[in-house]
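By written order: A, B and C. Residues from 1 in each chain.
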Amino acid sequence: MPAAENSGRAAILNRVRAALKTPAKVHDSPGHVHAGPGEIFPPIGDPLERFRSECVGNKTELIVTSSFEASLAAASSILAESQAGEIFVQDAPELRRAAAQFGAGRSLRWSCDGGPLESTGVTITLAELLVAQYGSVLISSACGGRGASVAAPVHIVLAEIDQLVPDLETAMQRTYDPASRNSYLCLITGSSRTADIEKILVMGAHGPKRLIVILSQS
Amino acid sequence: MTTTAQEFLRKAAEKSADMAHRQIIRKNMDSYDEAVANGRSRFQNWQAAREKCQAIKREAIEHLDHYLERFESAVQARGGKVFWAETGEQARQYIVDLAAKHNVRTISKSKSMVAEEIHLAPALEEKGISVFETDLGEFIVQLRKEPPYHIVTPAMHLSRAQIAELFKEKLGGIDTDDPEQLVTAARTTLRRAFFTAEMGITGANFLVADQGLAAITTNEGNADLGVTLPKIHVVIAGIEKVIPRLQDLAILWPVLASSGTGQPISVYNTLVGGPRGTSECAGPEEFHVILLDNGRTDLLADPEQREVLHCIRCGACLNACPVYRNIGGHTYGTTYSGPIGSVLTPHLRGLNQFQHLSYASSLCGACAEVCPVKIDLHHHLLQNRRNAVNLADRPASERFAFKMWRWSMGSAGRLAFFGAIGKFLLRALYALGAQGTALDPLRPWTKYRAAPQLPSKSFRVQWREQNAGR
Amino acid sequence: MPKVSLFIPCFVDQLMPQVGLDMATVLRRVGYDVTFPEVQTCCGQPGFNSGYWNDARPLAERFLRVFHDAELIVSPSGSCTTMVRVFYPQLLQNTPLQNDAEQIGRRTFEFSEFLLKVAKITDVGAEFPHKVTYHDACHALRELHLKQEPRALLAAVRGLELVEMPFSEECCGFGGTFSTKFGMISSAMGDTKAGNAAKSGAEYITSTDPSCLMQIEGILRHRKSPLGTVHLASILARSAER
């Protein structure tokens, strides 16, 4: 917006600069600690084991397979369990290869054709990273576009073991993108939920009721 | 006393005596406390975590101009637009004009306290635009036409029976108090809104300066639909939300969740910057970030209270506050309630009108103890009180009373004299049966509690007697 | 014998004198020469808490004069000790007395803090054969960081059974003028405290702060509760010796 149209910009920045001429009165308590990240959180042991136990805690369904092919097969059998709604799949070469398996008898749409629809039943995507510390999946708009992870009641993520990082510190370092290619990122930890009614936990508020991570160890 | 203060007293009296309300809130808070205790165990050193978060916010606020400019360039590099709004009015007008330009009929909104602060929804609804609150708690209070009760759990005060009744009446086609079915009913209604809305409005928990990203945290995933499906995405956030680096989120996200709900981390921690990228097949065509001042620069200019801008709006202070637990969120009559609201509102909306909130506290300090960014909230309440005395209207009788107090405490002789006289008169009045009646000088006390003992011999008299000749 | 000066809060002097006398008894019993600077009045807290800092300041200055030569100052109140240690430096900031204000906090102690940290004693030869629960007064807990000290003293009292109440750290609702300005909220908080104390099964509630006890006592009598209140100093003053 041209500066003239937003006079608020100069006004606000001027007020900020004038205010900051006086430093804040700081009154740190004695024993003020400057801790490194390693001190705040206990060390992560075996990342895969940690990821596994976190998924149990946050209600992510985790399936560990021996190969990407086995992962694709596992995804297909999950699809076969329920026939509801179209399948929306990230347009990635690895997933294009499995099109026939997924699409058997189902209507299938690729992410390059637009976003998921109101009637989409399942979305299938890859991931950027997995984070062992919280059992999280980091998704970006490169993983099937925005909304691929949230729009349908079931979201299946296919990932590989070398995408698993121990903690959030590492994940954020890897995510930092000076070229800013992704307009959207989401760290997903478990499936959608709400406790707004009497603090009773209900799954599947707006996002998926089921988040399934299929992790191949090769 | 202003009418705002009178209204506060009236509502506080009502709510404090409401045992059903007290029990509901107690139950919610017990559940929160349990979750937080679990969540704390995730941290090897919680105090170090607090200090790190305090350091991050301090760095951001002490260099606010630098980080705001950085954020702005990063957003613009992504193809987004930044609008700097000095007042709520300017922010509202920008959004109303944008909606008009694009013939927006429906808006999906994901929780934003700032949008509440500037009364955005009514301004849009006046233009015939339907605004759907998509956070379930916000959706519920929107149907009830009341403001949010709590900044993190907006419908905390309602039982499932009340919600069931509400849905039956307003949504139709549902007659159950089963939470799963209620959530499904809300989901179905809001899903329609998501897919038809031309504009999505969200707040932001953090504005990441080095990457030009708005960080939005939910458990439901509503923000993700809101930033994907509409053609236009608008973020509205206070200028104090800016943080230096993406890396800072590695500690801020877990701390926000831990303090807000007790979870190790929230389900959806979303980062969005710009309209959809050129290689992306889904997402908005336009991305606007409104940076709101609305009194924040005044607080910034107060070196003693600047740290109040460090607040990450986690709600922990509300949960810890025994006053909040008894009067509830609506009694405050302000967008921000609880301790942070009591500290902040006089700065944003005027000391004279809102000083009473700073006095409505026993200064127990539980808020400061739980604040994840170590804001000394209870000390700021004291400072607000001092400012009220020095700069605003206090009752003349109160000013006089403290002048008298200062004078009578100026000598041991006067203290002894007035103490003895006061007790003598009280004993005489009480002997005549005046305790608890309109004639009782201690009525503000005895209305709710038995009067204290009135010993005839003070400490100093007894000390002198017992230690004569030492 | 080492000397201590008694800092007796104004309302203890007028409304709860026994607390001061009991504290003196214990201090003597453990070997201190106890003096009471008679000209003391008030630390200034009521005015300070209500925002009347300009009216509280002369009283703070007076306190500094009265206790100028006292090497050790002991008070039966966490909130009054907090006023001196935590708030005098703020109240007297940018005045010639700023240094004195910062220094006096180092020689002013709340009673249980004094016994544990200066006298280094937990067993003061007391007997109190009752079930007692401890209320964590806010200033003592959060400003002076006292949690275990009063409990250690109570644990050493013969015959005393210490039982914990749920939410012992939750404010009793006194808060100075808050108790009368916002009586309805204050009494609701007091009510909650009384209910929690009853759950402990105790006969008595004790604390470091007489103001809390005045609030809780008032609520208990209003509720016609069988529970009683007793200040920590008064428990410790009950000698085990026959």
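Worth pointing out:
Note that in this section contacts are C-beta pairs under 8 Å (C-beta built on N, C-alpha and C of every residue); 3 or more make two chains touch, one makes a residue touch a chain.
No experiment lies behind these values; they were computed from the predicted model shown.
Listing every chain that touches chain A and chain B alike gives an empty result.
Using the average of C-alpha coordinates as each chain's centre, C ends up farthest from chain A. Legend note: the chain whose CA centroid lies nearest the centroid of all displayed protein CA atoms is B. Distance from the chain A centre to the chain B centre is 29 Å, each centre being the mean of its Cα atoms. Distance between chain centres (mean CA atoms), chain B to chain C: 32 Å. Distance between chain A and chain C, defined via averaged C-alpha coordinates, is recorded as 53 Å.
With touch defined as above, chain C holds no residue shared between interfaces to two or more other chains. With touch defined as above, chain B holds no residue shared between interfaces to two or more other chains.
Across the assembly, chain A contributes no residue in contact with two or more other chains. Note for the complex: chain B touches chain A at residues 27-28, 31-32, 42-45, 47-49, 51-52, 55, 58, 61-65, 68-69, 74, 77-78, 81-86, 90, 134-137, 140, 153-155, 158-160, 163, 179-180, 182-183, 186-187, 190-192, 194-195, 210-213, 219-222, 224-225, 227-229, 239, 246-247, 249-251, 253-254, 261, 264-277, 280-283, 287, 291, 293, 297, 300-301, 303-304, 306-307, 376.
On chain B, the positions that touch chain C within their shared complex are 9, 12-13, 16-17, 22, 322-323, 326-327, 359-366, 368-369, 382, 384-390, 394, 398-399, 402-403, 405-406, 409-412, 415, 419, 423, 444-445, 447-455, 457-464, 466-467. Every residue of chain A that touches chain B in the complex is listed here, in rising order: 1, 6, 8-9, 11-13, 15-20, 22-27, 32-35, 37, 39-42, 57-58, 91, 111-118, 134, 136, 141, 145-151, 167-169, 171-173, 175-177, 180-200, 202, 204-208.
Listed in rising order, the residues of chain C touching chain B in the complex are 8, 10, 12-18, 20-21, 24, 36, 38-42, 44, 46-56, 58-59, 62, 138-139, 142-143, 169-171, 173-190, 192, 214-215, 217-219, 221-222.
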